[in-house]
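One structure below.
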Amino acid sequence: MTTALISAPSTLALLSLAERYREVRDATVTLCVPLETEDYVVSSMEDVSPTKWHLAHTSWFFETFVLAPFMPSYVARHPRYAFLFNSYYVQAGERHCRAQRGLVTRPTVAEVFAYRAYVDEALLSLCVSIADDPAHPAWRVIELGLHHEQQHQELLVTDIKHVFWTNPMRPAYRGAPVESPAPVSQEWVGVSEGVYETGHAGNDFAFDNESPRHRTYVQPTQLATRLVTNAEYVQFIADGGYRQPALWLSAGWSTVQQAGWRAPLYWEQHDGAWHEFTLSGNAPVVSTAPVTHVSYFEADAFARWAGFRLPMEAEWEIAARAHPLDGRFVEHGGMHPSADSRGGMQQLFGDTWQWTQSPYVAYPGFRPSAGAIGEYNGKFMCDQWVLRGASCATPRSHARHTYRNFFPSDARWQFSGIRLAADA
Amino acid sequence: MTTALISAPSTLALLSLAERYREVRDATVTLCVPLETEDYVVSSMEDVSPTKWHLAHTSWFFETFVLAPFMPSYVARHPRYAFLFNSYYVQAGERHCRAQRGLVTRPTVAEVFAYRAYVDEALLSLCVSIADDPAHPAWRVIELGLHHEQQHQELLVTDIKHVFWTNPMRPAYRGAPVESPAPVSQEWVGVSEGVYETGHAGNDFAFDNESPRHRTYVQPTQLATRLVTNAEYVQFIADGGYRQPALWLSAGWSTVQQAGWRAPLYWEQHDGAWHEFTLSGNAPVVSTAPVTHVSYFEADAFARWAGFRLPMEAEWEIAARAHPLDGRFVEHGGMHPSADSRGGMQQLFGDTWQWTQSPYVAYPGFRPSAGAIGEYNGKFMCDQWVLRGASCATPRSHARHTYRNFFPSDARWQFSGIRLAADA
Amino acid sequence: MTTALISAPSTLALLSLAERYREVRDATVTLCVPLETEDYVVSSMEDVSPTKWHLAHTSWFFETFVLAPFMPSYVARHPRYAFLFNSYYVQAGERHCRAQRGLVTRPTVAEVFAYRAYVDEALLSLCVSIADDPAHPAWRVIELGLHHEQQHQELLVTDIKHVFWTNPMRPAYRGAPVESPAPVSQEWVGVSEGVYETGHAGNDFAFDNESPRHRTYVQPTQLATRLVTNAEYVQFIADGGYRQPALWLSAGWSTVQQAGWRAPLYWEQHDGAWHEFTLSGNAPVVSTAPVTHVSYFEADAFARWAGFRLPMEAEWEIAARAHPLDGRFVEHGGMHPSADSRGGMQQLFGDTWQWTQSPYVAYPGFRPSAGAIGEYNGKFMCDQWVLRGASCATPRSHARHTYRNFFPSDARWQFSGIRLAADA
Amino acid sequence: MTTALISAPSTLALLSLAERYREVRDATVTLCVPLETEDYVVSSMEDVSPTKWHLAHTSWFFETFVLAPFMPSYVARHPRYAFLFNSYYVQAGERHCRAQRGLVTRPTVAEVFAYRAYVDEALLSLCVSIADDPAHPAWRVIELGLHHEQQHQELLVTDIKHVFWTNPMRPAYRGAPVESPAPVSQEWVGVSEGVYETGHAGNDFAFDNESPRHRTYVQPTQLATRLVTNAEYVQFIADGGYRQPALWLSAGWSTVQQAGWRAPLYWEQHDGAWHEFTLSGNAPVVSTAPVTHVSYFEADAFARWAGFRLPMEAEWEIAARAHPLDGRFVEHGGMHPSADSRGGMQQLFGDTWQWTQSPYVAYPGFRPSAGAIGEYNGKFMCDQWVLRGASCATPRSHARHTYRNFFPSDARWQFSGIRLAADA
């Protein structure tokens, strides 16, 4: 049942630019295979974009930031697409209102696929023409576009999950749920006190927000070797976790009360037993699997209840860089986190993103890229928290030890989970 | 260009019940011919239902109110459809939230058409079995269901118009706009003072809110022989109609300011000239055509500006019943009002509904039908106004001299227009 | 305990204009006697104005519509008062936002009383100068101003009741609650079918919305001889009145659910017994007293549950005009409705206003007054219902057989109650 | 004109506990001297509490956290006061809704002063009884209560400023505005790279969020020697600062557009010249004075426009601790920031708080106090930024080098200003 839905691009770095472009672009299309035309159209909440929009927006990105500046002969596919498919790049011109993305029935799905093919043809011809010139300025923007596309692959999965859950019919995206073995018992790995360098260095691709590499002081710390499980989280619920204000941040407690939270997103209780909606449809909550679809508020409250805290991002990065970049990514095909029965530090990547208690702010000396592309990361450095690792919806070649994901305190529709930390 | 999109069912009354059922149901499907699958899914504002929902809801109506009670062997198509496709019949059980109708991608369009076919097969067999028994209680509910379906045909047209307009691509539903000849000059027709009987009587079908026939006192009145034209309405705008609070009801003036109204819905000004979105796409406003997509607030303000008033529904009915039930209905295919160059009282039916200054309340002695079907009309008798006539989106066989349409003061997405009245 | 709080102005009509002016203005001040300075300042919901604002606004009315046009030597008290104390007269200039009325601490209460004295001095001198000239145009505006002031006297009482109820301290405005005797059993009084004239005629003062007198057709009807009691309303509650959607208008049922209504405004249940907040503080609901603080939605649902309906305003007026204008008005001092143990038609005036099922619209031939004063009534003829009679907060000399009070379907903070009607 | 409104309590530390209690409590009352009774009642936005509430809440704090646990004979003044005057201490029981604080007219101002006197009498007698026992657990809670009271003194000033500004009459709290001399030119002071200890240490009072003292790594940095002036900020406005999205955080740009910001709070432009509302009433913006009432969003955008950044809190603290704790505090009486003509590092305290680019989160190893008092600071560590220094509304004895003030990104009603920083 865990035959990979997507072929593993493990050797991506060895491919030519054109091959990599084709591989990443194809992976997006592969994710759409289980969808009906109707599924591409709607947005079930403001955070969720229609699949059709993801498909078009990623193409618009290449059209706007690669083809327009670097391929003089290129003619934009349609004069209104720039308006419809720009997300938030103010410097790239007027945009459609995000709240209305799910109301746009045309271009149709077929027209959007034709738009992709049109962009791909031009882009691939550009790739060929600059293949021997890695210093060509288009290279790094194409690279960025591919990583951008991979981010939208993850969003496409989490968004369609929300769309399907919103539907009282509760359709499934894939087959039977993956199994989760018994987890190992939780142990602790220490990070010793000292001045460390963290952040991205070198010539490989990284987003601008991972730089510059810089020094930071870390207190003596311990990190849990595995993610918090559903069984542990059910204990928190059973102990009145959602009813004790003293466990929560003030804004978290307001959210619990106003939104009526009493469990992670997608959970419901039937006859005393917890069930959750997965990409394989409704299923009993598997006690051995990592808890997911919890907000920062819930991760923080759980940690407080458990007598621990969440890691800081530097602690996480220092502990993680001793370990290889493996895990159950989107290519695994399960599309849901599960336990890992191997001992030692595990689940750093794949399964679920891990909330840290580090606010998402600039590293010392951070400089965003010039122009509209500089709007990619920097302008969101406010009222969000860093998540580290990667999830079961992340493409493997998209993950990095220095990767900084970020979401606001109440976001729950991503595959976000909990790794505990403790003062040593 | 005005070849009828739908064949005229002028002899509907002569057909067998089964033939009428098939004719009305087919007309709904015919209206969907210009649509792409994606167009069926979305709801562009809370008043607007997805086409897919209209198709399923009308089938649910027959399933629930005809097949369930009158055909013991009938098995509901799907256990969740009653939840998804009940509109507002509280006594018929729990319902999906109206605001979320546009978020439901499954059942797909194809599945909804299969649902229709499934219901049709059962219903037609019931029609045959009761063909010789016009006293069978299913007859009148089937009749009601057909008129209900026709109401949704009109909504399907006005809703898809709103969906298309919401889309920055502004797709068109049909071919080039219909032409509008020069209108005749406006004259007045008198209604003399006295006690009249109005409302429905007899055995022909009518909604419960058209009954009972009852006496009412009418003051001496004059009604305009034609609808207000775009040219006249443009004068109102040019004279500062939308900027003079003294012309407006208090709630109307608030709406004008909060919503930023400065013209009818679908109008925009380019280089000083007014354009409007029609089912044939964007087009210049045709000065000779009747103004449409105005709210009660606007109709009332226009009438005050012009020195007149809107008719009361009894006045309209008394004047109208001297005239035959003809006009440009949905079967005409133009899907937009146009002028009529014939003299005398005209445009009573077709073209646009006509706002009256009669609040939508019960006729003296009104009794709603028993059971859930009694929720059809009576429970909406609050804060709405009666409109009379019919529009270019109304099926011809759906119109009646006694028909009472109703919408709130700020509704603009129907084909609603203005006929003036004056105290004699 | 029912010693009158305010001396009864029963001979008001015999007084000179100046004497009447002084009497009405003094009555407003008398109503403020129980208040602390702090009580004058706040607005507990958007419908409620601060006492201070009522005191200033009524003075502004005389300043703007009488002194400014008719007393050339008059100098406005303060250049900002017109902005602060204009309510909704668009033609009288810019106004302060209604929602912010309760945020204005200056002018202080003392300054507002000084403003009143300043206006009174000028106005009384004008009264004297035109005393012998009843045709002087200021006469009818002063008259209007006095009736306007009386409307605000009633609002002052119902508004301060809401302010006190909003306060968890639940202060009382007056002494112990009035007693309510046993009510007589309910009987019916008939109105026979026919064409009647209703509305105001003659030279006595009436608001413009009571005119013109006009013919109307009335069906054979019966009206209850007394108001619905709390005991009867408690039965409605106990019978699940607030839980049966079939009893309610659609908008009413939405309101019940969204606002969580399960009893009239100001009621709460303690240990199974109903209590209500009155101007004498919290007290047990008195079963014999008329129910009050119900909305149109509740009055309509109660009538449907009881198998009857609400009267139409013409029916009420025809039945009422056979009876004198007496009742327990604000001068009675009880400030709460109570039963009447006398037989026959009773409680037409005083105790509670009576919801009718007549929408508040213009009488045939209605013409609002010219200028800003024409904004008094006409522009509110939309989405409201007529109430007839008067309440325990209405000044006796303010009531009339033809008086048309009006509020929206969900308004509950007025002393509004229920008189039943039935088709004969 | 700058004669101190409040006598300077510079020797506070030398006083007995009872003397300090009396001094701080009296200072609150002194701040109320310019107010009318009406001014105490209202809340002009949700962040603003009524003066009356500040007076009562600070007394409730002593009643609840000192008298209730440590003085067995104490009887609470009124059983409802705990409900009305608890702010956010969930563990201290049910509370009144913050949004309704401004709707409560009773207890009156006089009753609230009586409540203060009642609490003071008990508290002072407790102070005397424990005067010789500095280890008594009440000591540190009284100490906390006094610092809590001083925080509310600052809020009282900034809140009443907002209340007065909301009033179209624009009343003044004090006499003519203070003058502002010519500022010195801006210079830079360096902080060298390295590991530093920051945070509170020792036995003097500090809030829990200033602890523990801990190590942190600081990059080489420069801090401006003075605050940004109005003249500099006007240049930012004139250069289109509020119209260039590239200068703003994404959430900041949304706020600018939705709230229509085009200048600091309290500023308005008349005939091209900027004016601002001060506690001395409306006045021209003084170009030499520090800009104030700017949000984090504006401070951050200004710094980006100027080519610099905001300081981090550790940088600020390291630079500040070389300087004494002096400045223009609330005791100065000017109640508005002004320039300082002395050279060198200046304006660290008094004048305006200074936004840092440090999110308000826990120091490593932070442990909130036990019980309800632990809700003081920790539960707000989410989506806020640290401000350092103190303002012209801060009591002198309330300021500390390690003080961490915090507000959300869009808060503007505090005296918040800008000190620039630069990477060295």
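Order of writing sets the chain letters: A, B, C and D. Residues in each chain are counted from 1.
Basically, contacts are C-beta pairs under 8 Å (C-beta built on N, C-alpha and C of every residue); 3 or more make two chains touch, one makes a residue touch a chain.
Please read all numbers here as calculations on a predicted model, not as lab measurements.
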| item | value |
| --- | --- |
| Chain whose Cα centroid lies at the greatest distance from that of subunit D | B |
| Mean-CA-position distance for subunit D and subunit A (Å) | 39 |
| Subunit B and subunit D: spacing of chain centres that average the CA atoms, whole Å | 60 |
| Between subunit C and subunit D, centroid-to-centroid distance (C-alpha), Å | 47 |
| Arrangement of touching chains [line / ring / star / complete / other] | ring |
| Complete list of chain pairs which touch one another | A-B, A-D, B-C, C-D |
| In the complex with subunit A, residue positions of subunit B that touch it | 36-44, 52, 80, 83-84, 96, 100, 102-109, 163-164, 166-169, 171 |
| In the complex with subunit B, residue positions of subunit C that touch it | 88, 90-91, 195, 214-217, 219, 245-246, 248-253, 357-359, 361-362, 364-365, 374-375, 379-383, 408-409, 423 |
